[in-house]
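Got a structure for you, written out below as structure tokens; questions coming shortly.
Chain lettering (A, B, C and D) follows the sequence in which the chains are written, and residue indices restart at 1 in each chain.
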Amino acid sequence: MIDRKLQSTYDAGVAERFLTMNEKLTGLPEFLGIRFVEFGPGRLRAELEVRPELLTPFGNMHGGVLSAACDHVLGCVCYPHMKPGQWAATTEFKLNLLAPVSEGTVVAEAEIASMTRTTAVVQIKISNKGRVVCLAQGTVLIREPKTPS
Amino acid sequence: MIDRKLQSTYDAGVAERFLTMNEKLTGLPEFLGIRFVEFGPGRLRAELEVRPELLTPFGNMHGGVLSAACDHVLGCVCYPHMKPGQWAATTEFKLNLLAPVSEGTVVAEAEIASMTRTTAVVQIKISNKGRVVCLAQGTVLIREPKTPS
Amino acid sequence: MIDRKLQSTYDAGVAERFLTMNEKLTGLPEFLGIRFVEFGPGRLRAELEVRPELLTPFGNMHGGVLSAACDHVLGCVCYPHMKPGQWAATTEFKLNLLAPVSEGTVVAEAEIASMTRTTAVVQIKISNKGRVVCLAQGTVLIREPKTPS
Amino acid sequence: MIDRKLQSTYDAGVAERFLTMNEKLTGLPEFLGIRFVEFGPGRLRAELEVRPELLTPFGNMHGGVLSAACDHVLGCVCYPHMKPGQWAATTEFKLNLLAPVSEGTVVAEAEIASMTRTTAVVQIKISNKGRVVCLAQGTVLIREPKTPS
């Protein structure tokens, strides 16, 4: 049911544009080095490479990197289903960190579990070297453009 | 009850050392620009300044900055109550983002609600310009040193 | 700020009516035996007595009792701030169980952290014999009457 | 990986015994009317029938029923992987309520995402009439017997 609705509201052109944004990351996404890899109806796959700057002095990736990645994909998975000018704002999420990460690629997969015109609930699975390292679940608010266009 | 216990396990010397770490931030804390301002038994106050790099293209602070800040203080508030060599690993937390942030100082206050030898539950309140913008709650695991010293 | 707003939207008459509902509990609240004890602007205090039916075979109160109590006060704390006919629906919450409960009175204190016309974020503290046993945080949606009156 | 481990620690006899417990439910599970339907390695499916006692005056199932059901299956899915005498205590969970429930059968599916000797992270999906109505995620602590045997 949900899948059919997500199929019908999915705009592949928006997804395409997000993929080209990988070339010009700024701010937090640039620091994380998080790249969109693949979009689909209700789905987004993003990746980042572990590098020394993302580790704590103890040699494990800072939990804040994973939580920031969750927040990032939580909103971005929704854009291909939104209208031009709207923006997605995370209002809440929860995560469980299951295993430490110290090297390699981190793969974040976001999936919309439920979406209305104004809100979406999203689940996220983050893996590293074939192992699930983080599970998250949260809510995004779909906001109208700030200034009328 | 808890307060008395936190009072008795609080090591002001460790807190002092954390405060000097503000001078040499690296990695994610450096990117966030998050500085410890004050420690107390079961309490930590940290601050960061909003700067363009922390905003999204929509002009609001990236939710990932707040979630990363939560993860950071969640663990750090525990160190003055831990033994040398131990380290604190966030295992889970949940946050609610209550209002957008676009400028000024972000103040994160963490408070230990409950602590045993191996685990702590911490609550976090983040404010900006006198307004609560984020509430979080999570669990930290206290880990033994990786290699025997 | 929030306090002033909650002060101005608080309807003591509604609170009064909720207190009289203690006499005729039905359904889940009746099974829990949860009674409203005191309302205030943005605040609700409720209590329930531990009784054998609420325990697991291991002699501790079933975690589901505490989570159900959280869900209950999460919505009910909002009613004195809502318009006639509106109803409060929990959309999400998270809880941490800090200590087992096996006897005595369970006291749940809910406090509105942030409220708009359509949503509220609430924090809950549950105590037993002077000890905090559960902390929760969640979101309530304020819904319009189902049928126009 | 995890699956193989869960496969090897799964005790079908324990699962069998839990299924027979449906006949003699007491306490909260009895009030909920929640029956175990099927166990598997790392998996549990439980069901309950909506009945008037589980509804609010607004005609929807009380959110506390769903949260209590989450808490219940969160722990119970672990038992076939635990040692005799050990018990499972939920320490934290988070849920999102996606749609109201007013009649029919409620199906809760719990799945262990990660499990060590002392802890497990579990995800839960609750459906009603073919629609996902609740998603939850939480942590269980595996406790040793209270009294040495």
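Keep in mind that, in the parts below, a contact is a pair of C-beta atoms (placed from the backbone, for glycine too) under 8 Å apart; a residue touches a chain by one contact, two chains touch by 3 or more.
Predicted, not measured: the structure shown is a model, and the values here were computed from it.
At the interface between chain C and chain D, over half of the residue numbers involved are used by both copies, so each side presents largely the same positions. Compared on C-beta pairs in contact, B-D and A-B come out with A-B as the pair having more. Chain geometry summary: the mean Cα position of chain B and that of chain D are 33 Å apart.
With centres set at the average Cα position, the gap from chain A to chain B is 23 Å.
Counting partners per residue, chain D has 91-92, 94, 96, 139 as the residues that reach two or more other chains. Chain contacts here are complete: no pair of chains fails to touch. Listed in rising order, the residues of chain C touching chain D in the complex are 26-29, 31-32, 52-58, 60, 62-65, 67-72, 74-75, 87, 89-97, 100, 146. Of all the residues in chain D, the ones that touch chain A in their complex are 1-2, 94, 96, 98-99, 113-114, 121, 123, 130-132, 135-137, 139. Across the complex, chain C is touched by residues 91-92, 94, 139 of chain A.
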